[in-house]
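After this come two complexes, each holding subunit A, first together with subunit B and then together with subunit C.
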Partner chain A sequence: MHTTHDDNPITKERRDRFLKRQSIIEMRARQRAQAILDPGSFRELLGPFDRMESPWLPLEGIVPESDDGVIVARGQLGGRPAVIMAIEGAFQGGGMGEVSASKIAGALGLARRDCESGKPILPVLLLETGGVRLQEANLGEAVVAEIHAEIIALRRKVPVIGVINGMVGCFGGMSITAGLCSYLVVLPQARLELNGPEVIEQEAGIDEFDASDKHLIWSLMGGEQRYETGFADALIEDDVSALRQTLQSLAARGVPTRHRSENVDEYRRRLAKIDPAAPPDGPGLRRIWPRGEMQ
Partner chain B sequence: METLNFEYEAKGSLTRRAHVGVVGSGDLEVLIEPSGKPTAEVRVRTSVDGYTQVWKDVLDRFFARFGRAARVEINDFGATPGTVTLRLEQAAEEARS
Partner chain C sequence: MSSTTQVSSRGRTWFQALADKAQSVNTGLGSIVVADATWGGERVRLLAIVPDPQNRFPRARHGELGLEEGWTLAHHVREAISADRSGTKRPIIAIVDVQSQAYGRIESLLGIHLSLAAAADAYATARMAGHPVVALIVGTALSGGLLAHGDQAHRLLALDDLQVVIQAMRKQSAARVTRRTVEELDELGKTIIPMAYDIRQFAKLGLLHELITGVDADAPSAAQIARVKERLAAAIADIRKNPGDLTSRLNNPDAKVHRAASIEVRRRLAEQWEV
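Right after this comes the complex of A and B.
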């Protein structure tokens, strides 16, 4: 499912389509959830006026947000029940704290109970996050582990769909979240990696990784690269209607017979193809790990 | 982080609550809701210390015109006075509509 475009000339048709696009990247998390759900069906759970904010950030002199940077919304997608868990990348880099991660884990748990009682609901995670919020370190890590346990329990009943939809990307423990999803959707602007570029440079040195080199970063961990090497199931343009259509068609595929994270032997086989003394560049990796091989 | 509190006299009241904005770089969130008290109570939490007088000037000007009883919370992440005023206007518009 590949709907982005190459360097074709800008025709009138392409220009009109571009101008009609409703950008996901330019929206904030709450708007994204509203735009994905059918008009009028958005209903927020634990919204700003419930004031489930971080109790830890003010103790460290950091201004909290009234929703702790996670929007949980129930509604309909294409007429079917859905729950959107959207991370706000503009607040603390989308970092997961005790409260924000608990909102996601709780929403996944409720979705599981709904599915178990015969009321299927489609869970969608909008991942724009640098991983665990360092100020809440172990508390955040502990709840991210709960998110993972909930996804693994829930994905047996219903496909869990992740979307990497913003310029922050998806890093740290939350990149594992993306890897556990039944299906993963990426934009070309997305990045997916356990360790972010600056972390690699800081820990391994600039010879290992130059975090100022955008071409290098996107060639290795960018949305297109992740799609072409089989780590994502759909690569879409930055457009709300494309995302809505993609979510519905992935949901229609149902629960995959085998989740990506269960393919342990296959990934071992792939890793064995790489010589650590001469690691491939982005295009080289696409040649040895073509996406068709995994599906 | 600094917490500032302000209180303004009010005549009218609000029927709806509204939330706008995000606690992101150069931005702020505003929560405005009806209050049982006859005043507009404002609590500001800001990431930038030492700007009490600027906050007072911006809020004095806004609430002199707004004139309604409300409970207002502002979580600020370094917004300029212009951005603060626009977010307040946006919140007020949503709470009045």
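Right after this comes the complex of A and C.
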């Protein structure tokens, strides 16, 4: 499902399509949820007027936000029930605190309850996040573990779809979340990695990883690289209707026979063939782990 | 996997103590040790991460959770699930002493996030399949380490010891990311419980099933080992009586005080779920 590249010269058709595009990246999380859901169907849960704020940030001299940076919205996608859990990358780098992560874990749990009682609902996560919010550290991490537990239980009933749009990317404990999703959609502007570039540089030294080397970063963890090497299922352009279509066609595939994180034997075989003394680079990995080759 | 170069670590100490001479399962890695111990006639699977100076991935030589470590844990947890499909579900015990995940270029490229996801997935799958799953934290549980190896357990137990440290990120890196100094982080940890690095503060969050006191974590006596085993067996019995999911971490007196927001969010979401 690759709709980004087009080697044709600029034609009228291409220009018109570009002008009609509605950018996902330029939206805030709430607008994204509104744009994904069918018009008029958006209903936010625990919205800003419910004032569920982080109890911890004010103790550290940081101004909280009334939605704690996560939008939970119910509605319809293509006429079917859906719940969108959208992380706002512009608030604390999309870091998961006690409240924001609990909103996601709680919504996933309720979606599971619905699916188990014969009321299917499609869960979609918009993962725009640096990972655990370090200002809430252990509690953020504890609730991220609850998110993982909920996804692993829920995805048996219904595909759980993750989207990484960019520009923040998806890092830390939430990259594990992305790895647990049934299907993962990325934009070329997305990055997906457990370890943020700055942290790798801090922990392993600048010879191992120069966090200012943008080319290196994108060649390892950029959206296109992740898609081409099988860590994501769809690469789409920055356009709402492309995303809506992709979500619906992935949902129509149903629950995969084997989730990516269950593909233990295949990944062990693949890693066994890697020589860490002569490791591949980004383009090299695309040749040896091409997408669609998963057993 | 040569035993002559075995580096001691708390993970290894407790693995050996709890395995009690049980034959180790061959994991193909020097950094992951697995054994099926027999406790009171019952088979119990133990898994731990240990330092391996010969690890072929250089960034995973000090007890880090690297690419192969995550997938290998997943394999050995799933092996127990398949083997016990139609029989008694053996308890699975993750012995936690994890430096961190492995940080490096090759780890990024080859998807260490998925390797950790696979381990978390396997433990959660074992939990849902009816295996009692317990994590025993004996040393450091930093960064992604606990998310992959421990957090999906039914119950978390920890030794009450100064070197038992649970945190989302090592201090130096957390300081860099949050634009603070290490001293400022230490200061915050004194008053803000989730920011603390020591296990007694962590215990206040209601996430621990039990904090085991009076044990020498580096050189436990036979009596201390017996007591830890007994506490683990009690946790296993408790799980068999009342398995559930991770919600026991929310339904306890400590959580009611220090995780009031978590509880409130779930309550109000449920209220608003239907129109």
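Here is the rule we use: the second predicted complex is superposed on the first by the 291 of 295 C-alpha atoms of A that agree within 3 Å, B and C clash if a C-alpha of one lies under 4 Å from a C-alpha of the other, contacts with A are read in each partner's own complex, and residues count from 1 in each chain.
One rule holds for everything that comes next: a residue touches a chain if its C-beta (ideal position, glycine included) is under 8 Å from a C-beta of that chain, and two chains touch if they have at least 3 such contacts.
Computed from a predicted model, the values in this text were never measured in an experiment.
Placing subunit B and subunit C on a common subunit A by superposition gives a fit, with no clash between them.
In the superposed pair of complexes, A:Glu208 makes contact with subunit C only, with no contact to subunit B. Contacts of A:Phe49 after superposition: subunit B is touched, whereas subunit C is not reached.
In the superposition on chain A, contact of A:Val63 is made with subunit B only, not with subunit C. When the two structures are aligned on the shared chain, A:Ser102 is found in touch with subunit C, with no touch to subunit B.
In the superposition on chain A, contact of A:Val199 is made with subunit C only, not with subunit B. Looking at the superposition, the partner that touches the larger set of subunit A residues, subunit B or subunit C, turns out to be C. By the document's definition of touching, of the two partners only subunit C reaches A:Ile274; subunit B does not. For the three-chain overlay built from the shared chain A, the minimum Cα spacing from subunit B to subunit C equals 14 Å. Partner subunit A is touched in their complex by these residues of subunit B: 1, 17, 19, 22-25, 27, 29, 31, 33, 45-47, 73, 75-77. Residues 43, 45-46, 50, 52, 54-56, 59-60, 72, 74, 98-99, 102-103, 105-107, 109-110, 130, 132, 134-146, 148-149, 152-153, 172-173, 175-180, 192-196, 198-200, 202-204, 208-209, 216, 220-221, 229, 231, 259-265, 267-268, 271, 274, 276-277, 279-282, 285 of subunit A are the ones that touch subunit C when the two sit in their complex.
The touching residues of subunit A, counted against subunit B in their complex, run 28, 47-49, 58, 61-66, 69, 88, 90-92. Residues 56-59, 67-68, 71-72, 74-75, 78, 100-101, 103-118, 120-122, 124-125, 128, 144, 146-148, 151-152, 166-170, 172-174, 176-178, 188, 191-196, 202, 205, 207, 245-246, 249, 259-262, 264-266, 268-270, 272-273, 275 of subunit C touch subunit A in their complex.
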